[in-house]
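Every chain is named by a letter (A, B, C and D) in the order it is written, and numbering of its residues begins at 1.
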């Protein structure tokens, strides 16, 4: 795609569908000397919603990066659109929240080191110190914020300060066993990614593998979604499943599920980091 | 397996787990001159439930087929087991219930003709006459029982009489859009197989593809299960899924789902007909 | 997409990659009053090949459909591109070739009737008469051209005449057990779609399920591809697989494979009919 | 299964099929006071080969573990069988061979620590020192044997001595980029497990992802197999695949393939360690 070699601007936009949107947006880029290297759009006919992702080279573009938003604002206003322009030069800054399960964390750390995740993994936050040695091996700062019912608010505020100081823009909950407050979530709209260990909306809530075992399903799943105020109701980014049978006890489902959780979380995160995910109502458009 | 060439007896048994069950059951067969050609057992450790499927050749077996149940009864009683002995010579007799959707019916008819389904497909029952030409092409009797709220009970009784006259032992609901009464279901315990067009327990009830569309899932599924008094709560025999994306409207999900429904139903039915499915509580053991 | 409601022009184009291609092509449409409803492009960085699919509404477009090719020709020449403009109003005309296996044919006929295949299924050609009743049930003309080594050339010529008379533009080989001559294939470049019953390039040639059985693979596949002069070497459109185990004899693989062959062929054909497949060298780009 | 709580004997046996094999083998166990907890058999009808896996509790068994082989030998001889009796108390001792790619090694190390692999991971051997820090983090001894054309024989001998000293019984090649000599392989028949990064038999040899890219396949795979003298021709234990598209460059296939290689290798190894894999000619029977 050439997206790697030159700096690009990436517009993610959604608005009510109307005629000529692709044309108007393309013209905006062309008139200013931009070279479109990727354009993908989608119209959800039922809802009448138009979504688009446009990537163009900044080299030769007559608008300077710092004035991009200002330049596009009139068009955005006219379309009554929700939109954002990202620059590939602004590498996302990531924080990972974990508790005691290490399978997702070790996978993210390995992928980050293997350059599969195009981001700066700035820090890890946990309510336990168990996974500190793992963080140290990969040389990522690890902070412990133990939580009780009493100190939750206070600890969350400390966490938010730490995120702010590090200019974090994406938070990953890698099997973090604490519920974040509405206030916390509101600070990072569609920027907190969770991995839930079931095929949502089946088996919402705790112990989904046990629920799956008891219902006798023949397939179990995992779901990665943006975190919203409603638990397990956020827009789904990615899901996958694995076959189980009567031979699988709850422990086997947990084991098989671990393999699933890590790849589903990694795929969702990769799509998010590449600015390929657009939230539209309660759903996502994941451009390929 | 040799199961095709010689007549076999197939024991399906489940009981509380205890030591020596395989030994005792194998001895029962060996002592009477039987040659075991397939034995598969499973212990659900959590529930302490033992399940087994044993198939042996009737050639040379000292007990005559008509006395098999009598001969095994003492052992069954001792184990306080639920059990049944099937003979491969007793080919299952099948009735298919349909409404207007033809995708599952045409698939079953084709598979039956292609000898994929080891059964006698005796008749088709519908509340509409639309699919009669299809039945006629495959030369299977087709009966129409239109249903209204008022005549449901009466029509069900007529259907039951027809099933009885034809000695039906397995009923397939191939997207039959009527709910069967508890009384009807009670006549065929674990012998009525339904196909539900979602990955149960997600999207119970009507319009599951629309529900899936609105939740924004990235995968849709289909589930084949035994029918019990509780709708969509019966023991699951088989499930499978297919990937969808934001590009798929409800109509696309319905289309993709049709492919899924037919194979999931066919797989479940094949397992049932081969006496490989054992119901244990709210779940199934599907021996391979 | 709105592609269903208004007539569209669909450009499929590939050429050497260079800067500004999306811009130039979009401008061509915009300047003539066209409204782009879908645009998807791909750059194969390794080969430096650019591919694009653009769909726009003909309503309000200043060039009349019959002059479209003429109007685009200068741009095509400048880019030294291979390109074609299709009109959604020109519904593809399909011929299906079969021998004795009915699983793919009955599936295509059912899908066509269920309006899953956006084409006119004009006729069926076979070297045997076995499947004529099936064709008659779906009311599609069925022609028999028995082939021997001696009469092959002659029969192919008769087939070609029949295809020409019916203005066929897409040929599907639905498990047709005869090899078509190079001359025949040359008449329909990238317009003949075959289904091969293996995961190509594994198990090229005859009896792939037996080959798979003997190699002891744990997965078998099916491949749909365009037919070229080199048998089983044509550009792949779609593939899928299914799990097998030591329990599956060759006959079981054949049975499982039948399910696979039909869906893989149907998916490939649907993509082709929707003008979503672009052949680029020995490979395809399948736009979604 | 109770296999975890009590020590078991596990018989793996294959021989020419004949009547009464299950009976004779079961009797052998019963007569000596053994309680069979798992029995799975398979007859490959085409080849006339019988395979069985029987697990029974040693508690109460009248033959002492060290005399088991002696006790069963007469039966094995009579059946002209290939057979082996394993004790679950004899935990397999594992050596992993790696070069520079770390994805499989880090995965095995993590799984071993997470107790997913029922073995003693005794040591890691590499021809490079790159992955030593990873081994050290997981506290597994790491040995470097650099290889040149000239010293290969010598180094292999040193490796064999090291394996012998550590009583290694299973060797895993976790993307080891050196070919082992026939003599080396002969020392560990059906005990060396390799992961090949393609869906064998497609893309044998080097650079399979590039081969896959150039052929334009829509799915790539990975294969875990026992190593034999013929490269990439050994009995296949496990395979899996992942979907790719024209959007995936060779680098993307490599990245996607890494996820596949780790799970395929891990599944094959788990089956091997649980004594569930029986090699029969050029194929495996993997009991579930």
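Just so it is clear, a residue touches a chain if its C-beta (ideal position, glycine included) is under 8 Å from a C-beta of that chain, and two chains touch if they have at least 3 such contacts.
If you're wondering where the values come from, they're calculated on a predicted model, not measured in any experiment.
If you take the mean of the Cα atoms for each chain, which one ends up farthest from chain C?
Following the centroid criterion, the farthest chain would be D.
Count the C-beta contact pairs for B-C and for A-B, then tell me which is higher.
Counting C-beta pairs in contact for B-C and A-B gives the edge to A-B.
Are the two sides of the chain C and chain D contact the same residues or different ones, given that same means over half of the numbers occur on both copies?
Over half of the interface numbering overlaps between copies: same.
From the C-alpha centre of chain B to that of chain C, how far is it in Å?
37
From the C-alpha centre of chain A to that of chain B, how far is it in Å?
42
On chain D, where are the residues touching two or more other chains?
In chain D, 45, 245, 247, 288 touch at least two other chains.
Could you list, by residue number, the parts of chain C that touch chain D in their complex?
42, 44-46, 51, 199-203, 213-219, 221, 235-241, 245-247, 249-250, 282-286
Spell out the part of chain B that touches chain C in their complex, as residue ranges.
Those residues of chain B that touch chain C are 102-103, 106, 110, 114, 116, 133, 137, 245, 247, 255, 258-259, 263, 266, 288.
Which part of chain A faces chain C closely enough to touch in the complex?
It is residues 1-2, 19-20, 22-23, 26-27, 29-30, 35-41, 43, 45, 288 of chain A that touch chain C.
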